[in-house]
Structures are given as C-alpha cells and as structure tokens.
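Next, two complexes with chain A in common: one pairs it with chain B, the other with chain C.
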Partner chain A sequence: MKFWPLLLAYLTRRKTRTLLTVGSFAVSLFLFCLLATIRAGFQSGVQAAGADRLVVINKVSLIQPLPLAYRDRILKVPGIKEATYANWFGGVYQDERNFFAQFAIDHTTYRQMFPEFVVPDDQWKAFEADKQGAIAGESTAKRFGWKVGDRIPIKGAIFPGNWEFNLVGIYKGRRPNDDLTQFWFRWDHLIEKAPEWAKGFVGWYTVRVQPGADAVAVTKDIDSRFANSPWETRTQSEQAFMASFVEQMGNIGFLMTVIGSVVFFTLLLVAGNTMAMSVRERTGELAVLKTVGFTDLAVLALVLVEVILIALVGGAIGIGLAKLFTLRGDPTNGMFASFYLPPSAMAAGAALTLLVGLLAGLIPATTAMRLQVVQALRKL
Partner chain B sequence: MVKVGGNGQSGTLIVVRNLAKTYRRGAEELQVLQGINLDIDKGDFVAFMGPSGSGKTTLLNLLGGLDVPSAGTVTVAGDEISHLSGPRLTKWRARHVGFVFQMYNLLPVLSAFRNVELPLLLTPLSKAERKKHVELALSLVGLADRAGHKPVELSGGQQQRVAIARAIVADATFLLCDEPTGDLDRKSADEILELLEKLVHQHGKTILMVTHDPRAAERAHATLHLDKGVLSQ
Partner chain C sequence: MALPLVYNLESVRARWRTTIVAILGIAGTVGVFVAMLALAKGFQAALITSGDPDNAFVRRAGATSELDSAITLDQLRPLEDAAEVQRTGDGPLASPEVVVVAALPLKKTGTDANVQVRGVTPRALEVHKAVKVTEGRFFQKGLLEMVVGRNAVRSYKGVAPGDTLRLGGSSWTIVGVMDSNGSAFDSEIWCDADLLNSTFQRPSGVYQSVTLRLVSRDALGALAARVAGDPRLRVQVERETDYYAKASRMMTNMILGLGSMVALVMGVGAVFAALNTMYSAVAERTREVATIRAVGFGGGAVVVSFVLEALFVSLAGGLLGCLAVLPLNGLTTSTMNFQTFSHLAFAFRVTPLLLGFGLAFALLMGLAGGVPPAIRAARLPVTAALRDL
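Showing the complex of A and B:
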C-alpha cells in the first residue's frame, strides 16, 4: 500500500493514454463477454439438457414423424421410466420475424418430464382443462407483452389454418440458462384440427431412463425394436440431440474462439506497446528509483502492477458493461433460447485480462528491471 | 581527514585501494580510473575537481555502489562493497548513500513530500514515522511549506534542496553530490553550498562532491584533483 501514491502518480501521468488503454481492455472484455453470451445462447439447450433423458426421432430426419403407437412399445423397453412426445408447430405470430419455438405437447406427461420448467399449479390445471390453452415462456411473454388470459392468434404453416390459443400460463426456468422462449399448446388440440396425414403421428419422443439403467443399452434397444419398420428410429441423448442443432449452424465454438483470440492478441499488442512507450519515457526516473535503493525486482513489480491495474480496471468495466447489457435481454428478438452471461465466462474474462496484462507488461517490466543505472543517468 | 594514498587508519569511513575502472568499446579498452587510493574520515567534506572525462563521476559511481570496479576495493564503514552482487549492492546503497545530482532528478509526477519519502518506502518505517522523517528533512532544507508542490512548481534551487532532503531523509552514511550547483545561478548555488556545509558542520554528515566550480570547491575541507583517471591532492 505504501507504493500506492507512486503507482497512482504513474497511472495519472498521461491520463489520456491511461484512459485509452483502460478503454481498449474494456472494449475487448465487453466483446469477449458478448461472444461468450452468444455461445452460451447457442449451447444453452445442450447445457440444460437432462442427463437422464433420451430423444427418439425418425431415423430419416427430425421432420419425419413417428407413429403415436410407438409410445406404448417404447415404455416396454427395460430401463425406461417414462415417456412424452411433442410436435413442432412452426406457426407465425403476426410477422415472420417474430420467431419463437411452438410445440404441441402431451399435457399429461410433459410437465413431469421437464421439471426445470416451472408452471404454477393453478395455471397447469387451467392448461389441462382448456383444450385451446397455451403456456408461454417468460421471455416470449415479455417480448410480446402477453399476460395470462390473452388470446394468441398464430397462423399455421406446417399445419395450415388460423389457430387461436388461450394463454393460461407463463413458465419460468429453475436455472439461468433454461430456454424461456417456448410456446406450448396441447397435442390433442393439434391433432383435432390437423390434416389427415398428421393424425396418429408425433414429432418425437422424449424418454427418461431409470436411475442406474444403461442409457447406451436402452438407446440400442429402442432402435432395434423399430428396425426394418417403415418408421425406423434414431435414439440419442438429449444433450447430443441439442448439440446436433447447434452443429447445423456451423462450429460456433471455433468461430468464437478465433474471434476472441484475435481480439486478445490485438489487445496484447496495444497494451504492450503502450507500456513499452511508458517505460521508455521514464528511463531516467526508473534509474533514480534504482539509485535510491529500489531493487531490480521492485522496479519489475512496479511496472507489472501498473499494467495489471490498468488491465483489471478495464476488464472490470468491460465485464460489468457486458453484464448490464445482457441483463436487458436478448437484443435479437428471440434468436437465442437464453441470453445470459455465465459466471464462468466472467471468470474466464477476468483470468484472460490478468494474463494479457501480465504478458503485455512482461517485456517493458523486464526492460525496466535490466536498466543499467549508470548508463540511464548518463542519458539524463 | 582526507588522504590520497592513505593507510586506512581506524576511524576512516571510506577506504579505497588500488581502484581501477576500465570500459571496453569493442576491441578498445578505455582506462577511466587507475590506482586510486583514498581514505576519507567521517564528517569530511571533499571536493573532486578535474576536466571533463577525467573520471570524477565514475569515481563517485564506484564509491556510491552504482557501478562496480574493474580492480581494487572500496570499503565503507567496514563493509567491502566492491564485490557485492546486484541486489545486495542496491540494499547497501539504500542504507548508506544519499545521491544529489546536477539535474536534481526528482520524479516530476510526485510532490516534494513524496519525492523525499521515496527512500523510506524501502524501510520498515510506518506511515506516521515516514511522515515525521520527511517533514524533518524538508524543514532542514527550508522547504517545509512546499511539501505539496511538484518539482515543476519549484525553482531550480528549491528542487535541488528537495533532492538534498531526499538524500538525507534515510540518514545516509555519506552523501555523493555530482555537480550539485552546476545548473543553478550564483545565488541559488551559494544557498545549496551553505546547506551542504550546514549538513557537515551541524549534522556530522560526510559529503563527497564533484564540481567544476572553484568557489564550490572552496567550501570543502579538501579538494582532490583527477586527471586522466589519476587522483592527486
């Protein structure tokens, strides 16, 4: 602490330069956190997927249906605890840009399968009682200003016609990365109004394996039971199922890593150059410090602490601004299931800030440490 | 008492024996100091004079532990410093030597108080103790009322007095002054010289001063001459 006035004096020596360097750290960390948020948004489904849940889809593709009759046969597979099913609806609310996922769900089994989605009991009872009932995720309800009791018109695309639903509930998530953008309505209502080709079919099944059951064996067992049938199945863990969605959009993780690396490398050059200039400017002053008894290590530490302080202040501002930005919600109007800056990303950002600060300060600090007092004083 | 070529009697503060400094420039060897023998007692005020390039500043650097000799020894208060390693030499310097430079060499970003406090940051003194020492040093050089001023807000003479306060604040064993009046007008130079004399006579300090100014040298107890790296009285 006794060196604080000296550090502060150096930090405020060239205020504009210090502010710009702090700003470059802040902008970089803001960008890093934003990228991390986008990545988490893409992968929220993967991360939120239940470890004990499997998804059964048509082997040809997800858009091909499976017979409803498979439900009872799936439930007979040893190791299966429960099963539910759903359909993708794919309707349009007012405008095609107002995208959100709509699922026709089996209201008798769905809630138990997905306990991470929290629906108040009275709202769920209303859903069970009303065939035209619907439940929306909190984000979607907030996005469109819906409240319980509203009538929601949706124009069908896969299932033609104008559909209207009574919003009877709004669900929340137990975890920050739970998808709060979905819209559920009852599968029996869908089938009632659906064309003939859709009757007796579901989009996919979600099953829960019993505790201790071999999920891989269960997976193989399900698929083998429907092999060589007109509707062969492909069973996979819910996590793998969600990951396949993300992969369809390309290697998001790699892209984010490349952008993040470029940002941090540029930051390293900027901060390193700034500190090198700063040290060059005070060659004489550093020589004076050494003359009065500051050891080489003390001078090294002084320069390193200075650059790390700049880095940490900038990093904290960047991370703080990014957190505030993400708290305002998804700016893309529903592109992401969740728009949430994970604490792990903030911690990684802070660690990267520290690392870049250290690396940027290393060469100037070593230069300062190696400064020959006699030669430096001669230049004054 | 100052003796060139002395015999290192007891009570001698600084004993220099066969001191030499050689610089290499490629294949060329440049002998800056050769065969220096010198005894300086506690409380001496010694002036070194000589033409430019005669080795005055090099001698001061060797005596102050800023540089290491090519040959010979420097012993200060019984400690032989000639072969101390970097960090040990730095610590020794912090404890024993106060430096005053021609260009004052104050840190422009710090106030007079903070500049004087610098050597004390390396000691285990508390904040209150450091404050007391700094205030005492500043009042000794007559600048107690300028403690909060930055160097740019002080005249040359005042800046040099701050530098002297910094040199004495940690109660250094001796002061090395490299042309302390070289950048000052006559009046300010006289004030600085009076201050140095006061430190010697009233506070028992030992001062070694390099100067080109004969009037400054007159204030010293002894004037030693250096020419082509050889010392004479």
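Showing the complex of A and C:
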C-alpha cells in the first residue's frame, strides 16, 4: 500500500476530529453491545433451557406446592426418563438487597437432570455426605467472597428461622450463558426443619422425556392424570416456562432495546456527518490529486478507505471495551442470571460498523470522484 | 465586555447541518434519560400510592413480603382491639387479608402472568380508602364472587365483568371493577378471604397481613410500642406507605441502574458530537475570532461566547428530548415485581422535576462539549490567524 503515508496524513490532519469520530464510533458500539448483553440477560433463561425437559407446576400458580407423592406417579407416565424436584426457599442473606435464587434440591437426582451445571465429583460427594451442605454458583460465590468450607447463614422467610449451611461446592456452567447465581441445598434438610404445612410437598418437578418420545403427548398425559384432584398440574416445556417470566418482565427489556437502538443510530449519524464534513473540506486537495493523475476510482477508494478505517478502529475499540466490561460481571448485582455478550452480537456490531462506515463514506466519496477539476480548483 | 448573543445565533444558523446533528444527539440522550427516570418513577408511584399514610401494615416478624407472612386469628384480635385503631359503629377498621398468586393468561401474548388474588372482608374498602368500585358492585361475603382491578381487566383474559373464572377448583363470577387511581391494587383481583382460604386448601383463620386504619397519622409509634410489648404478637408494624416503598425498591433500583448506565454511555457519545460541532465551528471561524480579538475583545469574552453557543445548542437538544418523551406521561406498561412475585401494570410519570433533571443533564453535556473548543478559540494567536487572510 504505497498510499499509506497519504492516508496517514489525512487522518492526522485534524487530530482532534479524527479522535472524536473514532470515539463516537467506539461509544456507539459499546452501547450496542451493552444493550445486546442486557437483552441476552433477560432472555438467558429461555436460551439455556433444556430441549428435552418439562416443568410440572401447580395449575394455580408456581407458588402453590405439589404433593411429593406425585413423583412416582409422574415417573409411570410413558415417555418419561427421569424426574427431580425442588423448592424455592426465598431466604435473606444478610440484607434483602443481596438477592439470589435459593433452591432446596433432591441431591439424588438433580445433578443428572442438569448436566449443564458442572460440580467436581469430590464436591458432589461432600454434598451427598453432609445434610447441611450447600453448593453455590460461581458468580454468587464471587459476589460474596465465599470459599468452600464457609458457613453461610440465611434467614428464612417462607420457611421461618435461622438456617445455616456448609458450602461444600461451587458449580460452573458448561456454556457461557448458564445461570451461575443459584444456591442449592438439600431438600431433605429443608423438610426436616420446615413447618408442618410444608411436609410432603415440593415446589415443582422437572422431568426429562425419553429421546424420540412425543413431548406434547407426554405433557397432556401428565396433566390429565392429575386433573380434578386438589392439586392439578400444569406441565410445559422448560423453554415455555422460562419464556413466561420474560413475557412478564414485559416491556422493560423491549423498551430499553428500542430506545437504545434509536440513539445508537443517532450517534452513528453524528459520526457519519463528521466524516462527510471532513471530506467536503478537502475538495481542493482532492482536485489537486486528480490533476496530478489520480483516476476517479483511486480518489473514490482513497476516501472510502479512510472513512471505513475510522469506523472500524472505533468499532473495534467499542466492542473490545464492551467485552471487557461484561467480563467483569453483572453491574446490577444479581438481577441477571447471566451477563454475557454473545459473539453473534459482536459480529452484528462489526457488520453494522462496516455498513455505516460505507454509507457515511459513499456520498462524499462519489462527490469526490465526480469532482470537476477545473471548477474545484477555481474555488481555491 | 461580552459579545452580543446575535453573533452566536447567526453562527449556529450558518452551520445548521452539524448543529442539527449535535442537537439530535443530545435530544436522544436526554429523551432516554428522562424516559428511564419516568419509568422508575411510575413503578415506584404505583406501589407507593397503594399505601395510605393513615394505615398501619402488619405482617409476621421476619417476613419479607405478604406472600411469606402469616397472621393467626388469635393475633388478629389484640390488633383489632388496640386503642390506636379507628373504629366505627360496625367495629374496628381492620382489614385482615389473604394473598395468593394465580396464573392468568396475558391478553397480549397468551402466556401466563402471576396475578395477585387478594382475599379481604367487605370492610377492606373502608380501610383502603383509595379503592372505589367503578363498575358493577363489590363481592358479597360468602359468595364465590370477585372484583377485578381496572388494569387487570385490560391485561388478562377472562376476567371481564360477567365472566366466570375457574380458580382453585371453584368457579368465581366477576361482579365488578375497582379503580384505585393506578396503584398496585388495580392489577389485583379481590374476593372473600375465607372462601379463598378454603378453596386453596389453606388453614382457615390464618391471614397473611392485617391493614389497620389509625386514629391519627402519628398513632403508629404508639401502636408499634404496644405490639412490641405484647408477647402474643410476633409481628412487625409499619406504615403502609413505607411497606410499599420497600416493595418497589428492587425493581426501581434496577431500572435506575440500567437506565443511568445506558444514559451515561449515550452522554459520552453526545458530548463527542457536541465537541465535534464546536471544534469545527472554531476552526471555520479562525479569522472571525482573530478579528474579534483584534478589535479589542478579551480572551474571556471569546470563551464565554463559545460556551454560550454550546449551551444554546444543548438546551435546544434538551428541550427537544423532553418534548419527545412528554407523550409517554400516563402511558401504561407492565412488568413483574420480583419482591411480590407478581405482574404489575403502571404508568410512566414524566414530572416537572424529571424534566428539570433532563435539562440539567443536557446543559452539563453542553458544558463538557463547549469548554475545550472555547478555550482553543481564545488561545488562537491573533497575528498568525489574521495573516491567513
């Protein structure tokens, strides 16, 4: 590229402007990635849901319990491979603001049902051996500085009293968007200490259908078995179950994305306009280039490359910073199960940058290409 | 001596293209900033207006919300008999309440939402004074009837007056619509507390909360002291407004946190746009500035003049942004409140204070974008700049 020095001279001609334009692109792309991360955070439960898992809850609502006795009856339904159950605990660790999900889980079946959560074998053995044992997700452990061996006091709300757990393990996720904020302890421990009304009941069941089985038929089969009982069930795919939470969160995520996108394009407009302005200012110089023998196409390419270079450098900085920012973890402290910038969003951001750079450069570049040398020089 | 403002207005007009882009950048930022504040404010307001400062809200000690609280009948009696509780000819103004969450399909998407169903007594309307029945009638004690909040009628399928709703193994008839001026009660469904307890296989005579109408606003302290001194009552007493303010805290903080994060990033972008506009204004006016200096204006006057120009641009952007979000005021949206585990409809609230914040934010961006170019303008060497002529 023998034109590098020329290109470099153009870029350093007005250093502040070049820096500001690069900065504008960086900020736009940072914002784009941030919004994509927030959006992915809202959706992460749906994305991470297991395709062959169903969730069985009380038909009235998730808060109403189901009898423990349903477990054996569910397992008899043809097409079901395995079942596990859990309870929402809803306790408070030190302060109400320190929210994280706490589940009482069946330690004999839970791990097999959720292979995406990785617990080292020795830690799981310790969990099986210790009735007061607990396992925390990596991000929750990091948030409160917990280490294996710590004693975690949690104040019960639904299940009154002061509860203490021994942290015997920390789980990691198999995929980057897995929820690493949960806290598990043993269901048999919960029920032992729980008030009378809770005994013999579980919060919900998660079941896995056999490969090849018709999940829709299985769903209907389960619900029909418990129809007209005092505890009717509602079975749905894990994905639909998670999606109903997202739907209820409603417009918040949607609003944020829409408003943010409008502003994102405004910022890009700003950057594009600045670049167009800088080309307009150089009409005379471009005419001189043409006079000394540059072809129309060479001038077009020169301007386009300059503009796209600015866009790409700015975009790369923005995307890079956003990635670093999201790696630091969820800034809202626990509102998002996962705070992760998906690579697809980064790719989309890069493509957008290129597109806007191209569009912003095209008009001034064609103007430069069509420049009538004589007329342009007359202006000097 | 100061430069006349007409000079700045004229120069803004001469560079209208870049000026418009800068104005749009600031308008967009201010608009999003104010919209986020209005969203958080509206959510908070919906919950806070559910409470009444003249009411005391009682739940089990240690319970984080109504859902995990329990008040037994033998705890209710001494509460009702407390001297701080207002009474009428029919007895004390106390409302023992039961709350269950029912999954009802959203009209918009067809997916289920968690709706709060509140079991109350007919006295509830005298305790929650803001709640008025606007259509049909209130439910009758002992009948499977329900009254639906005005936002619930709009949001969920199958709860219009006249509909029959199957819930907990019973069929309930919707007999009326209630309106509490946009508070959280408008997203709820009310019915007879004892019937709700029995259809949901809950122990009878156990409520989740009791709301008491106080004899006067400052009787709360005395009531709290009386409750603390009674060993039968393991409960916590709070002003109803305080309880609801706390119940809105998590969601409000989240909206404000995310909103300000996004607004901050956008603010940086808008400042870049303002800087670019002002720097190019300075660069194009090198000769003008030199001339102004040559005829005797000081460096300070030039700085003030350019900063004023930047502030003018940002103010225009701020006003535009505020105007753009004004129509949001009163617009109803909904979300899930994690603290009560239920779906809640609320309206955006664009208040004058929030608009003021928006304009202040705009001026701050104008200042950040205007001062460095203004200083550059004032530092231009007069002789060199004039030599260019």
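Just so we're on the same page, the second predicted complex is superposed on the first by the 372 of 380 C-alpha atoms of A that agree within 3 Å, B and C clash if a C-alpha of one lies under 4 Å from a C-alpha of the other, contacts with A are read in each partner's own complex, and residues count from 1 in each chain.
The rule is short, and it goes like this: a residue touches a chain if its C-beta (ideal position, glycine included) is under 8 Å from a C-beta of that chain, and two chains touch if they have at least 3 such contacts.
Bear in mind the structure is a predicted one, so any value in this text is a computation, not a measurement.
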- [ ] Sticking to the clash and touch definitions up top, decide whether chain B and chain C on chain A clash or fit.
- [x] fit
- [ ] Determine, under the contact definition given at the top, whether A:L29 touches first (chain B), second (chain C), both, or neither.
- [x] neither
Task: Partner chain(s) touched by A:L300 [first = chain B, second = chain C, both, neither] - done: neither
Open item on the list: Touch test for A:I310: chain B only (first), chain C only (second), both, or neither?
Closed with: neither
Open item on the list: With both structures fitted on chain A, tell me whether chain B or chain C touches more of chain A's residues.
Closed with: C
Task: Vertex chain A angle, Cα centres of chain C and chain B, expressed to the nearest 10 degrees - done: 100
Task: First (chain B), second (chain C), both or neither touched by A:V56 - done: neither
Task: First, second, both or neither for A:V218, with chain B first and chain C second - done: neither
Open item on the list: Just to confirm the value: shortest Cα separation between chain B and chain C in the superposed three-chain model, in whole Å.
Closed with: 12
Open item on the list: Taking the touch rule as given, give the residues of chain C at its contact with chain A in the complex, in rising order.
Closed with: 17-18, 21-22, 24-25, 28-29, 31-32, 35, 39, 60, 62-65, 67-68, 100-103, 106, 109, 111-114, 167-169, 200-201, 203, 249-250, 253-255, 257-259, 261-262, 265-266, 268-270, 272-273, 275-276, 279-280, 283, 333-336, 338, 341, 343
Open item on the list: Under the stated contact criterion, what part of chain A meets chain B in this complex?
Closed with: 2-3, 5-6, 9-10, 12-13, 284-285, 288-298, 373-374, 377, 380
Task: Residues of chain A defined as touching chain C within the complex - done: 14, 16-17, 20-21, 23-24, 27-28, 30-31, 34-35, 38, 59-64, 90, 92, 96-97, 99, 155-158, 160, 197, 230, 232, 234, 240, 243-245, 247-252, 255-256, 259-260, 262-263, 266-267, 269-270, 273-274, 277, 331-332, 335
Open item on the list: With touch defined as at the start, can you tell me which chain B residues reach chain A in the complex?
Closed with: 61, 66-67, 86-87, 90-91, 93-95, 99, 101, 103, 105-110, 114, 118-119, 121-122, 127, 130, 166
